[in-house]
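Letters A, B and C name the chains as they come in the text, with residue numbers starting at 1 for each one.
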Amino acid sequence: MNFSRTYTLKEISQIIDSEFVGDKNFPVKGMNEIHVVRAGDIVFVDHPKYYDKALQSEATVILINKKVSCPEGKALLISEDPFRDFNRLSQHFKPFARADRSIAKTAKIGKNTVIQPNVFIGNHVSIGENCLIHSNVSIYDHCVIGDHVVIHAGTVLGSDGFYFQKRAEGFVKLKSVGRVVIEDDVEIGAACTIDKGVTGDTTIGCGTKIDNQVQIAHDTVIGKNCLIASQVGIAGCTVIEDDVTLWGQVGIKSDVTIGKGAVVYAQSGINGDLAPGKTYFGSPAAEARDKFRELALLRSLPKLLEKIKK
Amino acid sequence: MNFSRTYTLKEISQIIDSEFVGDKNFPVKGMNEIHVVRAGDIVFVDHPKYYDKALQSEATVILINKKVSCPEGKALLISEDPFRDFNRLSQHFKPFARADRSIAKTAKIGKNTVIQPNVFIGNHVSIGENCLIHSNVSIYDHCVIGDHVVIHAGTVLGSDGFYFQKRAEGFVKLKSVGRVVIEDDVEIGAACTIDKGVTGDTTIGCGTKIDNQVQIAHDTVIGKNCLIASQVGIAGCTVIEDDVTLWGQVGIKSDVTIGKGAVVYAQSGINGDLAPGKTYFGSPAAEARDKFRELALLRSLPKLLEKIKK
Amino acid sequence: MNFSRTYTLKEISQIIDSEFVGDKNFPVKGMNEIHVVRAGDIVFVDHPKYYDKALQSEATVILINKKVSCPEGKALLISEDPFRDFNRLSQHFKPFARADRSIAKTAKIGKNTVIQPNVFIGNHVSIGENCLIHSNVSIYDHCVIGDHVVIHAGTVLGSDGFYFQKRAEGFVKLKSVGRVVIEDDVEIGAACTIDKGVTGDTTIGCGTKIDNQVQIAHDTVIGKNCLIASQVGIAGCTVIEDDVTLWGQVGIKSDVTIGKGAVVYAQSGINGDLAPGKTYFGSPAAEARDKFRELALLRSLPKLLEKIKK
């Protein structure tokens, strides 16, 4: 998330009532999670295991729970609870605004776009031209939709990321203030759910086609011209490169990369990166030809063992 | 389901036009299914195989299709079709009432609770304080929601249990008249479905967090502080104890118990009870380390068999 | 799809601006896909591999991209792009009509049918008597629903088939102009999605009961008195015969036939036809007893191999 203007380190520290290390006028332009941070961003870290990663990331402002030595050209915000204060900042800069009507006045809707009945369109949503949004679709605040996009009935864009930290008092939620970005010529089936990014964007690339009941979690980025069949579930922060085909009921873990042009057969479970251009099957998945050989072997095993016995 | 007052055995017998065995003033306080009955409840049984179980249950009024000998301190309702007459009773005491508006006048909504556009809230629904109900959510009659609950767009609470009896003329439905009860601090994702109990409650315990597109069937009870990832499906009358974690696309059979703190990996299929505190994987599932060993063995099998051949 | 009247070959050729082979008055009554065509229908074919199949099908008008010799008693429409021109025809005969209200004036709704709040009912929808349509359901144009049908909240009937052709410029969609037909006494759970046929019908037979979050794709035909549990996904053009039971999270591929009375256990993946009356399990599925034996063998394998070593 980029702020609407550049803030100073001091201004930010006052919002969360924290100490800071660095020039009080150090520029702060936004806040983001570790995997997408850039110069000017705040990143948070609350576990010594990840200190180095955060301090050495592209982020130039580190919200941290220990007064470590500050890297050259960066600044620190010292907090007893960086998770809580990251939430405070995101709520300060992007507070939830209750809707007062089904289609917000601040929503922009392009020429020739058709909105069917009972659709909800939140604040500051932007929808391009020649789109067709079917009935009972819900589009949360700040979602961005390109041109020639079709969204079928009952689909939800921009629900919160499923991101909780376990604490003694129960699960605490990292508040989602990112966006869903749907590029041009995308079609999304009925009853799909696409969560917004926590601070960044969940993105569906140009020309990608998504069937019914597909789940796409926060901060996941899907490339161009992918084909995603029904009931596929893709966890958070995953990258699906261009021209990927996922058949029905496939599940994909968080934080993995599916290489360009990969094909994943139905009901497979993906728990690691997949190479480009190859075909996969199984749960956990392997290259399809290996998996099929394995399955054939398993079927022939009783006779094989009989032979060995003899 | 508890009745609004205590009825007499005779009154009940008149509603379903049946004979009865026992004192005509025998008190009847409610009706329930066999796994949750208490003293004062009616239970029904229509197969000799289950007669003993019903007659010896906590229920004190047995709706049965044979004039068996009546246990001490209990009463019988004799019916040629107990299933049909149980339905008649549930429809008598809790008839479906058509909605005349999107948010029923009889619904109670607590202080600071935000209801986004296009939400349906049925008769006698109760929602606590500081809740956020997103757009296009459907909440059927009689659901009960605690404080600080978030429900994302498109989710359905209180749809009928999937409970049919096969008969010569086709499937006959056991009518659902129970409730969905969501305790405090629960978050439910988008496009989830949680069925009401048939006569009892489907319950989601305090602090439990549920991701998008999760299905929870009738009369299932989920404990406190569970984490349920996207596209999980949990069948009816199942008990998930506290602190359980279910990863994406897990499926759980009806009438099983998942022990406190158990963890089930993605896409697993659970067809029996799981011990507390352990980790499971596979379809059908086993302890994860055993399953992983099995999978490793399967992958190494071709080379192993090659060796044996030599 | 049948046209509202019989057209002549010449009239059709003028709509798509194509040459034709045959009598200019050759009768054209409708258009359909290859697996459901009848005399009077247009079928399209654009790959030499399928020319013979199309020319020898029941269809009497073949929209084709080569001037082949015309079979006796048939006619040809010659097009450089039959896929595009098939779309043109379907859009000509059944153009999308934007809704101007939640329940279209052209919709017919039978006696004693209850429509709960926030439901969308499109143009020319027909709903029978004694139905109950719960809140936030979406019913696209031209769907047909029988008597005594219950549809739970959030369900979508009639969304477009997921049918795309890959081209240099990206995926091109075969437009869906068929219908969803729900016969009498069907019950459909919450948040289900049933796509319309591309040109034909997606049909759910009398007395079939469908649980929550079930996906049924275009042109699939489901028989009478089937039981389909939650989160099942059925791909396009598949035939499920009468009395079939599909347990939770089953996935079924397109273009297969599931025989009468077959039972498929939870989470199974079906990639071919299933025989009637048998029970199946696994992904890919086999007969359940074989699959269970295979799984038992796999579990006993470590000890077995130990023995062999000795």
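Basically, contacts are C-beta pairs under 8 Å (C-beta built on N, C-alpha and C of every residue); 3 or more make two chains touch, one makes a residue touch a chain.
Note that this is a predicted model, so its numbers are computed, not measured.
J.: Tell me whether chain A and chain C, two copies of the same sequence, contact each other through the same residue numbers or different ones, using over half shared as the line for same.
T.: Here the answer is different, because the shared fraction of interface numbers falls below one half.
J.: Cα superposition of chain A onto chain B: how big is the rotation, rounded to the nearest 5°?
T.: Resulting rotation angle: about 120 degrees.
J.: What is the distance in Å between the mean C-alpha positions of chain A and chain C?
T.: For chain A versus chain C, the centre distance works out to 32 Å.
J.: Could you pull out the residues of chain A that touch at least 2 other chains?
T.: Within chain A, the residues that touch at least two other chains are 118, 136, 154, 191, 213, 231, 249, 267, 283, 298, 301, 308.
J.: Where on chain C does chain A make contact in their complex?
T.: Spelled out, the residues of chain C in touch with chain A are 96, 98-99, 101-102, 118, 120, 136-138, 140, 154-156, 159-160, 162, 164, 170-171, 173, 191-193, 195, 213, 215, 217, 231, 233, 235, 249, 251, 253, 267, 269, 271, 283-284, 286, 293-294, 297-298, 301, 304, 308.
J.: Inside the complex, what are the residues of chain A that reach chain C?
T.: Listed in rising order, the residues are 114, 116-118, 132, 134-136, 150, 152-154, 185, 187, 189-191, 206-207, 209, 211-213, 225, 227, 229-231, 248-249, 266-267, 283, 295, 298-299, 301-302, 305, 308.
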